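First chain A sits with chain B, and in the next complex the same chain sits with chain C.
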Partner chain A sequence: MKVSAPSGVGQAAKPLADPFPPLGIRRSVLVGLAAFALLAFLLSLAIGSVPIPLAEVVHVLLGGQASEATWQTIILLFRLPKAITALLAGAALSVAGLQMQTIFRNPLADPFVLGISSGASLGVALVVLGGTSANVTVFGRTAYLGDFGLVTAASLGAAAVFAVVLAIARRVQSVVTLLVLGLMISYLTSAVVSLLIYFSIPEQISAYINWTFGSFGGVTWQQMRALAPALLLGLTLALLTAKPLNALLLGENYAASMGVNVRAARWLVTASASLLAGAVTAFCGPIGFIGIAVPHLCRALFGTSDHRMLLPAALLLGGGLALIFDLISQMPGARAALPLNVVTSAVGAPVILWIVMRRQSFGQV
Partner chain B sequence: MTTHHAAQLPYTQAALAAPAAADGIAIRTLDLTTGYKNGRSHHVVNRGLNLTLQCGKLTALLGPNGAGKSTLMRTLCGLQPPLGGSVWIDGEPLHVLSPDRKARKLAVVLTDRVQIGYMTAYRLAALGRYPYTRWDGRLTAEDEAIVQDAMRAARCEALAARMVAQLSDGERQRVMIARALAQQTPIILLDEPTAFLDLPRRIEIMHLLHDLAHQTGRALLLSTHDLELALRFADELWLMGGDGAFVTGAPDEVYRRGDLLNVFADEGAEVRRYLQEMHQRWKTTI
Partner chain C sequence: MSHTKNQHLNVRLLLAAFFIVALTACAPAQPTAVPATQPVATVEPTKPPTAPPSPTPQPTPAAPTTNLADSCVETYNADVDYFPEKVTVEDATGFVVEYFKHYKVVTVLKPWRGAEQQFKYVIVQCGTPKPTDIGDALVIEAPVKDVIAMSTTQLPHLEKLDLLDRLLGLDSFQYVNNPKVRTLIDAGALVEIGSGAEVNIEKTIAAEPDLVMTYGVGDPQYDAHPKLLEAGIPTILNAEYMEGTPLGRAEWIKFTALFFNREAEAQLEYAAMKKRYQEVAEKAKAATTKPTVISGMASKDKWRVPGGGSYAARLIIDAGGAYLYADDTSAGSLSLTFEEVYDKAVKADVWLLTSFQRYDSIKAILEAEPRYAEMAAVKNGNVWNYDKRVNENGGNDYWETGVGNPHLLLADLVKILHPALLPDHELVFWRQIPAAP
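Coming up: the complex of A and B.
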C-alpha cells in the first residue's frame, strides 16, 4: 500500500520534504574534476628525470622563459606534447568506453575489449602492408602515409569493426557473445599483424612490440596537428550524444518511442567512438582498462547514469587519470619507464574488482 | 460489486493536458495487415483489420498466445511496418511520421527490461520530456512540474528519490506509466503492463489505467492475458482469436454475444468449460 496516494476529496496533503530530488548536473563535481585534471597536467610537466619547479612550469606555459634553458626545451619539446597526448587520449578512451557501454547496454564494453582498438591497428597495418615502399615502418611513426592518413586509416578500421559488432549485437543480446566476438576480432587482427611481422625486418618488429606496450610519449608536435583535431572533433561529437544516450539506457524500442532517431544516434556514436579510439590507437598503441574503468568510476563516485553528467565527468577524470598513470610509469627511475599498459592494468584491474565487490549495481550501465 | 468511480486526486492538471484528438478517435486502422517480412517472404499474422481506438477509454486487447497481440501492438507503436493497409494516429499516417512527431502523439510502456545502474525514479520519469527538451536534454521548471504531476497522477511520487534498480516490478511499472504521461501524448499503448505482477499490484495498475483514461481523456490500449480484470476495468475489448478472428465491443456487449467462447473455440475442453462457467456466473451477477 506504500505507493497509493491519499485520494480523499479536497485533500491536499503535501509531504513535509520535497520528494523530488534535483535533476540538474552537479557543477561543483565537474569543477573539482577539472581542477584534478589541471593539477595532474602541471605535475606531469614538473615531474620526471629532471625535476622542474611548478612555478617555472607555469611560467613557461604562460609564455615566459625558464631560468634554465634546458628546462625550456624539456617542457616544450618533450613533456608538453606528451602531457597533451595523455590528457586527450585518456579523455578519448573514457568517453568512447562510456558511449559503447550504453549503446551496447553492456557494462564490460570498451574499445579494447570489443576489438575496436584491434580494428584500428588492422586499418593501419593493412594500409602499411599495401604500400610497396620497402622502408615503411610498421605502425608508421614515419610520415609515409602522412599523419592524417594514419588517423583516417585507424578510424576507418575502428569503424568497420564497430559496425560489425553493432550489427551482431542487435541480433544477440548476450553479454558473453559480444565479448567472444571482440576476442575473435582481436585474434583475426593479430593473425594479419603476424603475417605482417613475418615479412618485416627486426627493427620493425621491435617498433611494433613497443607500440603494443602503449605510450603517450611518441607523439611529436607535427603529429599533434593530426591527433589533437581528430580527438577534439570526436569529443565534441560525443558531447552531442548525451541526450539520446540517456534515452538509449531504456533500450532502442523505448528510445524510438520517445522520439530518438535511433539510426542517426547509432551512427553518431559509432563515428565519434571510432574516431576517438582509432586516433588514440594509431599514435599511442592499444591502451587497456582506461576505457572500461573510468565510466564505472564516474557512475559509482557520482551516483548517476545521466550522460549529461557522465560524459564531461569521464572526459575530465579519464584525462587526469591517464596523466597520473603516465607519471607512475616513469616513477621507478629515469632510465627505463614501465610500459603504459602495465600501469593501466595494474591500477585498473583492482579498481574494477573493488567496484564489483562494493557495488551490486556494477552489472548495469 | 462496487463501480470504480474516478476519485478526486491531489495533483494539478498540467500533466493531464494532452492534445485530444478532434473526433474522439485516437487510432484508426484501414484494412491493416500485420505480420513479418523475412527477406522476400511475408508472414501474415492478421488481415483486414479496421479498428478504432477511442479517446477517454481504456481498451484491452485479449487473445491467446500466438494470435498476434504483440505484432499488432508493435505495428500500432510504429516499431514495425504494416504489410498492408495503414494506421492513422490522431489523423496522421503513423508510418511516415518523423520520430519526433510520433513521440508527441504516442507513448508506450513495453515489456522490455529496464535495467539502469544509477538513476532515480524521478529522472526516469523525466525522460518522458525527451521530445520537448533542447539538444542537451535540459529540463525547464515547467518540464519538471509536468513530470512531478505525472508521478502524482501515476501515484508514485513517493518513489521519486529511489533508484530504479531498487524498485519492485509494480513500482517500476508505475514510474514507466508516469514517464508515458509526462510525454503528454493523446495515446498510450501498454504491452502486457500487468505481466510479472502479483494480483494486488495487477488490480492497482488496472484501476490506475482506468482512472487515467477517464480523467485525462487519453486513449489507453493495453494487451493482457488477465481476462477477468480486463472484463472488469476495460471500457472496450479487442478480442483476437487464434484463427485470425477479431471482434470488438464493450465488455457486456462482448459477453452477451458470447464472443469469448467463439474466440477461444479452438481451445481444449477445459478452457471452454471454464469460459462457459464464467459466462453463467456473469449472467447471474447482472
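Coming up: the complex of A and C.
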C-alpha cells in the first residue's frame, strides 16, 4: 500500500499549511539513535555508586572474572538487569505514549495522563495491599504469588482503564473532555488505593509508596523472565500498528476508506499499549513524563509524523533517555540515590512546556 | 469508666460537642482548660490539713513534701513550692523543664526533624492561679486526670508510672501489645480516636480528655495536633522518637510524668533502667571480637540504612558490634543504592533485617531477592529480624515495650552478637531466621 502523505495535522488537514517535511524512514537517523541507546547502555554498566575500573567492567562483560568477586556480582546482577530494564521500559513507555497520542488525537496523552498507569497501580495495590488489614504476612504473598501475577494484575488494571477511556473517547471528540476523563479515572483509582492504604500498616504503606517513586533497579533476572518477553511482545505488536496509526491520524473514516480495519487496529493498539504500560508499571512503578515527552521530542527532532519512522525512533530514543535518567538519579559519585520520577519530571516538564510554547495550538498532533 | 457513661449521655454529649465546636470556632485558637469540675479556690479557711506541721510561721497549710499526684491545692499560698519533687534530665536532649513555685514550664526543643518551631507547655498545679506572663503557651493543669495516647511508645511510660488507669483512649487499638491495655480495650473502657490527620475531632471532644499526647512529623497532612489544638483540645507533642540514643528515648518517661506530678516515680524508674542498660553495655565491652553488622533491607534498588548517629546504630555499637555505617553522623536514615550497600554488606557477619514482613526462612528472602545470596551473613545463617513479638495486626512490641525498656533492646543485641556474654538472656524481640522453613 502506498502511503499517501498524511500530514500529521488533525482531521481538517490544510494542504497548504503543512508544516512537516516529506515522510519516509531515514535510516541514518535510526542508526544514530541506536548508537545513542547503545552508548547509554554501556555508560550505565560502567558508572555506579561503587567505582569499578572500566577495564574490569569490559572484562566481566566479555565473560571474564573481575579481580573482586563483589564487582562481578555488581556488574552482572545489579547493573546489567537494571540497564536492560531501563532500555526496555523507556522504549515501552515512549511507544505506548506515541500510540495513545495518535489514537486519542491528543498531544498530552500518555499512559500517565490518561489514567492507564493509575489502572496498573490499582491492580498492583490490590495485590500488594489488598485485604491485608488482618494479617501482616499477606504482603509476603506478592513474593510467592509470582511475578507473572504482578504483571497480570497491572496489565489487567491498565487494560480495564484503557478500555473505559477508549469507549468514552469514541463518543466524545473533545480533547479537554478526554483529559478530564483521564484525570477523573486517576482520582477514582487513587481513591481506591487510598482506601486500601488506610487499612494497611505503616510499613506496607511505605512499601507501596516506595513503589510509586519508580525504579528500574528492582528487576532481578528471575523477574526479567516475565518482564522482557512481555515488553518484547508488546513492542513487536506496536511496530505492527505503524500503518493503521498513520491512517488513523486522518480520522477513522479516512482510515476505513483506505482499507484499514479500524476495529482491529484499535484493538491491536489497545492490547499493545496496555501490555507495555501495565508490565512497566508493575515492575518499575508508575514512571512519568517519558511516555509523553519522547514522542514529541521525536516529532520535533525528526520533523515527521510518519509512524513507520516515529515508532522505531521513539523506541530507541525512549530507551536511551531512560538509561540517562537512571544514571542521573544514581548521581554518580554520591552514595545516595534520587527517586527516578524526580528526574523524569524535572526533565519532562520543561519538554512539555517547550512543546506548548512552540506549537501554540493544542489541536495538532 | 467514662466510655459507658458516654453511651448513656450520648445525645447530651453530642449536643455539648456541637456547642463546643461552635464556641471554639468563634474563640481564638488558644485552648482553654475545662474548668467545670475544678473547685474554685476558696477564700475561707478549710479544715486543717493532715500534713505535718509547717516549719514556716505561715498560718496557711504546710508546704507539701511530695508532689500532689492525685489532688489539687485547696488553699493557695504563693510562697509554697508545690513541686518539691523535680525531674533532672540526664540523657534526653529533646526537652527542658523549668520549675517555678506552683507551675513548671516544659519546652519540646526538637518536635520533628528540621523543625523551626518549639513547643512550650505551662503545667500549673491545679487549685493555683494561672501565671500571667506566659504568652500564648498552652496551659495544662496537673495532675492530669485522663489522657489519650497517640503512640504505642507512650504506653510503657504510663504503665511504669502506674497511670494506666488514667488512660482514656488511643489513636488506634490495632497495634497495642501491652496486655493490660488490651484488657482495657476488650472491656470497652477506651475510646479510639484515629491517627494523625484522620483524627476524629468529634469523638475526641466527646471523650473530654484532660490531655492528648501525640507526636508530630511537621507535615499537616499527617499530623493530628493542628486539628486537635484548633478544636481546643489540650494537646501536647511527645518527641521521644527524635532522640538519638536508646536512653534518651526512655528518659521521656520524665516528660510524661510532669503532667501527672509523678516526678519521683519517673526519676526512680529511669535510674533503674539506665543502671540495667549500663550493666549490659559493660558486659558487652568485655567482648574480644566486634562482629560487623548491616541493618535494614533493600527495596528495589534502594537500601535504607540507619545513619551512624541514629538510635539503631547506637544500640549496635553499645552491644559491641561494628556497624558498617558507624562513621556516618546523620541521626536519621540514609537512602543508598543497593549496589553501594551490597559492596559493604556482602562481608558483614550479622544482618539485622528490621523488616515488617515476616520471613519464615532465609530461603524465602532469597526467593524475593536472589541478590542477597552472596552475603556472608546469609551463608552463615546469621540473619535476624525483630518480629518475635508482633500482634495479629502488625503492631510490633519492639516499638512499644522495647522503646520503653532500652536495656531489653541492648541485651537482645548482645545476645545476638556475643551469645556467650549473656548465656541466660532469652531473646525478647529478635528472632533468628532459619535457613529453611
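Rule of thumb we're sticking to: the second predicted complex is superposed on the first by the 308 of 365 C-alpha atoms of A that agree within 3 Å, B and C clash if a C-alpha of one lies under 4 Å from a C-alpha of the other, contacts with A are read in each partner's own complex, and residues count from 1 in each chain.
The rule is short, and it goes like this: a residue touches a chain if its C-beta (ideal position, glycine included) is under 8 Å from a C-beta of that chain, and two chains touch if they have at least 3 such contacts.
Only a predicted model underlies this, so the values are computations on that prediction, with no experimental measurement involved.
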First, second, both or neither for A:Arg79, with chain B first and chain C second: second
In the superposition, chain B vs chain C on chain A residues touched: B
First, second, both or neither for A:Gly48, with chain B first and chain C second: second
First, second, both or neither for A:Ser194, with chain B first and chain C second: neither
Which superposed partner A:Ala256 touches (first chain B, second chain C, both, neither): first
Contacts of A:Gln222 with chain B and chain C, given as first, second, both or neither: second
Partner chain A, residues of chain C touching it in the complex: 174-175, 198, 299-302, 334-340, 342-343, 346, 356-359, 364, 367-371, 374, 390, 392-395
Complex interface listing, chain B residues touching chain A: 7-10, 77-79, 99-100, 102-104, 106-108, 110, 112-120, 122-124, 126-128, 130-131, 133, 135-139, 144, 148, 151-152, 155-161, 163, 165, 170-171, 174, 183, 204
Touching residues on chain A, where the partner in the complex is chain C: 48-50, 69-70, 73-74, 77-79, 82, 133-137, 139-140, 143-144, 198, 201, 203-204, 207, 210-211, 215-218, 220-222, 285, 330, 335-337
Chain B contact footprint on chain A (complex, rising order): 2-13, 15, 19-21, 23-24, 105, 107, 240, 242-243, 246-247, 249-251, 253-254, 256-262, 299-300, 303-306, 308, 361-365
